[in-house]
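The next part holds the structures, each set out as structure tokens.
Next, two complexes with chain A in common: one pairs it with chain B, the other with chain C.
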Partner chain A sequence: MSGGVNAARFRPSAWGVLKAVVAIIYLFMLFPVFFTGLASISEGTRAAFPPVGFTLAWWREALEPGWTDPILFSLRISAEASLIALVLGTVLAIALTRYTFPGRNVLVMLTLGPLILPTLVLSVGLLQMFAMLGLSDYVGYGGQLTGYVVISLPFCVRMVAIGISNIPRNVERAASVLGASPWMVQRKIVLPLLKNGLLAGFMFAFIQSFTDSSVSLFLARPGDMPVTIRILGFLDTGFSPTIAAVSMITLILPMVMFAIIDRFGQFGDFIHGDKRHA
Partner chain B sequence: MHNVAVALRNLVKNYDGTSVPAVNGINLEIEEGEFVSFLGPSGCGKTTTLNMVAGFFAPTSGSILLNGQSVEALPPHRRGIGLVFQDYALFPHMTVEENVGFGLAMRKVAKAEMARRVGEALELVRLNGYGDRKPSQLSGGQMQRVALARALVIRPSVLLLDEPLSNLDLKLRESMRVEIMRIHRQTKITTLFVTHDQGEALVMSDRIAVMNAGNVEQFGTPSEIYERPRTRFVAEFIGSMNLFRCAVEGTSCEAGYALARAESGELLRVQSAQERPSGDPIYVAVRPERTAITRIPPQPSPGCISIRATIDEILYLGNHREYQVRLPSGEAGVVTVSNVADQDRSLATGDSVFLTASSDDCLILARH
Partner chain C sequence: MTLAAAAQPATLEPRGTDVESRADPAVLAGVQPPATPTSFVAAARTLISVPWLLALAPAALLFFFFLVPTLIMLSLSVVRSEAIGPHGDITLANYVYLLSSPFYVWAVLRTFIIGISTGVLVVAAAFPVAFFLAHTRSRFRGALIALCLTPLLASVVVRTYGWYIILSNYGLFNETLLSVGAIDARIHFVPSTAAIVVGLVHALLPYGILTIMNSLTAINPNVVRAAQSLGATRLSVFVKIIMPLCIPGIVGGFLLAFTGAISAFATAAILGGPKQETIATLINTFMTGVLDWSLSGALGGILIVSTIAVTALGYWFGVGKARI
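Then we have the complex of A and B:
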């Protein structure tokens, strides 16, 4: 019997170690979600393990307008902010990747700025800006929308820029030599090839907006309250497993949404960099 | 008289921030239906020239005429040119059929007509039946054929090929060469072929423009380029060439010939197209396969040159042998001899020998 076979039998292969590590990482990431899920259907009012009994009471509470309104508000404003950020981000990304102009590097840094800047600082700044410009009336919906666009713009620019730089220059040139005007090149070649980058940019922007609490902490108003702020407010007055049910909803809704979007394109490929259909 | 399909007039390209022009005043006329290669090492300006013809770069000065029309002001999509890239540049999100039909769709050709012409183009490149595939499902050679079909289907006035064979392996490259020659014969489209491969250029071209440092060193048929190179660069870039440092010795020689004194002392009588002043530094150039190698001194003859040398190395290469020799002056030389039955195989490394060649096979090249 060869040494190689012996070694394979007595020593865990690198692949085996990798699998174990991956499993641990996933457990680590998913355990909190698992416990939240458990808490949302347990009878006790405190999170306990093992869970006591089974009830849908918390879910019933979570599906009342007191909760569904802020959830719907979050979904709507996040979608709007992401779309705006995506349009602006695409324009910026095209300018930053396809053209060289004085100040380009500064602009690249500035686009990344909001990534580095704590959102808390940003939202204080936004609040003051609205006040100083005499736009205090727009704090609330408009303020949060602006804040979300600002915090999600860097993600859109990044994703779209990666998408653009993945399109070989010669592919665009080939199209133009074949008679496509610059506009047709964008429409028939660049946009379709950019689809996954756009979807990924939208997804990141959406998550960024949907899970934000710092921007809304300063800029939300009673009528315009996202679910994150509603949860924070609720926690001020104590704890109830309703929170667990609400959390599960805020987790599941975006996942369903992205599963649907994913059917139209493979942004998963885009993020992981692999080719599902290879 | 043929029509001129492509004319380049004093074409110059200076890239921003560089002092040396990438293309430094090119003048060429390419006739309709001709297959012309732009041959040169990387950085010689051949691809820059092609990109200017395609319209991707604007020339710094000079003009480009397609069928007599100046096109500098036209963007690439209005030039009606076919272009095949080294990396194929197929549209990855489209099928083979959609790729080939793209140019027709841009020209708003009717559906039925489009299907017919796409079919014809795929047939021309022998890819019928592949219409539904995506580029990712094709081999390198097949992608190149799709790229060719896509460029040809619009019936371009000029077809530009930018190193289209460089990404293919040797076997495939040789079969694609023949394929491109066949397609050119069938379509008779004026073709500009950019390559750094002298073999490709010699085999495929009607004429070759040998480029170096932004200039066309010589523009001629493959046999002119190979047999009558005008500069040392052309002589050495295409095939190999023995170059012996000499100086012109007197001007008293019959027309069409000149006497040259080699550094190792021999007086060589070689053919000369132009008259040169005595003492002019020159190279006497002769191809290795036009040079003979002998142990005994040859009979002195005005029709022959003869130079002493020593064998450094003998390489056996199957169909021929290569003798690497050194002259008393220290210059190196090469002689290739076909492996035929009646040759002297007794020569060995270190032997003193004579290199001989016909005066008419020798050329004089300027030495600076």
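Then we have the complex of A and C:
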């Protein structure tokens, strides 16, 4: 598994120091989530340590329609955007990995563009474009959906491209030699082998959309408001442990979802793809 | 191989062996294409080829909903800002206005200070973790990688809110320090520029870890073995072999952290407060408060130009180099 040099080659004392440093950085990473969780079940209205008492009142408040509506909106629009981005990203990945054609390099640049340029800028540009075209009525839902598809697309293309490059070309050749039509090769050979790549693409696209607060910053409208923007608006007026409970829900929901998706396929390789050397 | 490795478009290269699929079917069939096709015919042939038919819908999406909006925003930044819509003469007045006011210059400078410190700290904290994860033989390795990625599932708003709980006047740090007796008066950790940096380092750390781990695991162990068999010490292997080979990962991690930090709105707004204006919070003010689309466009233009410049510099400096 571990490429490169292995632990046995390091001086034990140096390795011990490294372990301690890594442990501190992990604590730093998990710190905020832990204390948000703590604040969501403690009785004090501000986060004091040690926590005072235990209550589920904040969670009860977080599960009222005022908060569940934006959470459900976020889940729905993220799922829709991810599916659209996955379909478009798959055909784009096939075109980019399987063919050379005039304009290909321009297309690669265009595909990577949303990754490099700030999402906030895209939000500004989309709002201005919709307004100039007289489509302001569609800003709320349509604007956010298109914005999410655009920011998710590079991730889908990338994951599917990795998936395609893992498929041996000879498998397809064998199928077509044995008389399968090109369409049948795609459907019966490529698509099943591509399953993990597609799942990983969907997963990354969903995370991009669900955790976004930049695209929606200028495009969200009352009634079409994702949970992140709702929390941001709430933080202006004050601090409440209810937000801690809402935050925990928005963290737990995608985790559960991916635990379920993970049962249908493995995309570990897509997250931390080890480049193994023989 | 990772979402963080987005700075390396190499995976998108078509695989070299597929000569047949690339050859013109007309040539394969023994039919010579016309020697000098008119440009119109050539263009038509290009557009109705299989890859362009596949790429048509996603390319149209990127063109109309990524390129066009960005260009509209940039074009609004070079006209006067009297009302919505591009009219009037082309002028750099918006940029001049922003860069001649100390308030806005400070906001821009603060943004870049935040970006650079976040980038440096992300790389400094990500490297030990990446090095550990790349070399450990612990059976918890997979779980540890998953654990450092789980924060990505939480939105920046959620994670920043956690820091607010910890750093605020009545938050964890102040209450703990007061009760222990280490301080007499509450320290105002937030709002401050330092708090923004802490929140951003936390938010962007996973990207740095992934990018650096990627380049560390890509190092061929035989290179290390060769150096050792030739008598290199542990230190010189690290300094002369491992460090140079993972410069692309380090530069990539810095780029991701820097570009993420200079355009971050939520973290700056929650942990920075009204006195710590950055480019992102100013864009928000101009877009929603003042309704000046030209000035927000100009700020967006500054973000775009600096992002592209730093990315290009990073490529030139490191990402393209040191491949074995």
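Rule of thumb we're sticking to: the second predicted complex is superposed on the first by the 245 of 278 C-alpha atoms of A that agree within 3 Å, B and C clash if a C-alpha of one lies under 4 Å from a C-alpha of the other, contacts with A are read in each partner's own complex, and residues count from 1 in each chain.
Basically, a contact is a pair of C-beta atoms (placed from the backbone, for glycine too) under 8 Å apart; a residue touches a chain by one contact, two chains touch by 3 or more.
Note that the coordinates shown come from a computational prediction; the quantities given were computed from them, not determined experimentally.
Chemist: Tell me which partner A:Ser176 touches in the superposition: chain B (first), chain C (second), both or neither.
Modeler: first
Chemist: Identify the partner contact of A:Leu135: answer first if only chain B is touched, second if only chain C is, both if each is, neither if none is.
Modeler: In the superposed model, A:Leu135 contacts neither chain B nor chain C.
Chemist: If we overlay the two complexes on their shared chain A, which of chain B and chain C does A:Val256 touch? Say first, second, both or neither.
Modeler: neither
Chemist: Thinking of the overlay built on chain A, is A:Val52 touched by chain B (first), by chain C (second), by both, or by neither?
Modeler: neither
Chemist: Quick one: classify A:Pro168 as touching chain B (first), chain C (second), both or neither.
Modeler: In the superposition, A:Pro168 touches chain B alone.
Chemist: Any idea whether chain B or chain C touches more of chain A?
Modeler: The partner making contact with more of chain A's residues is C.
Chemist: Inside the complex, what are the residues of chain B that reach chain A?
Modeler: Spelled out, the residues of chain B in touch with chain A are 54-56, 75-83, 85, 87, 89-93, 102-103, 106-107, 136, 147, 150-151, 154.
Chemist: Using the touch definition up top, name the residues of chain A that touch chain C in the complex.
Modeler: 1-11, 18-19, 21-22, 25-26, 28-33, 35-36, 39, 46-49, 88-89, 91-104, 107-108, 110-122, 124-129, 131-132, 146-147, 149-150, 153-155, 157-158, 161-162, 165, 169, 204, 207, 210-214, 217-218, 228, 231-232, 235, 239, 243-244, 247, 250-251, 254-255, 258, 268, 270-275, 277
Chemist: In the complex of these two chains, what residues of chain C are touching chain A?
Modeler: So the residues of chain C in touch with chain A come to 1-3, 6, 9, 11-15, 17-18, 21-22, 46, 49-52, 54-55, 57-59, 61-63, 65-73, 76, 84-86, 125, 128-129, 131-132, 134-137, 141-142, 144-145, 147-166, 168, 170-172, 175-176, 202, 205-206, 210, 213-214, 216-222, 224, 228, 234, 237, 242, 259, 262-263, 265-266, 269-270, 280, 283-284, 287-288, 293, 296-297, 300, 303-304, 307-308, 311.
Chemist: For chain A, which residues are in contact with chain B within the complex?
Modeler: 168, 170-171, 173-182, 184, 188-189, 192-193, 278
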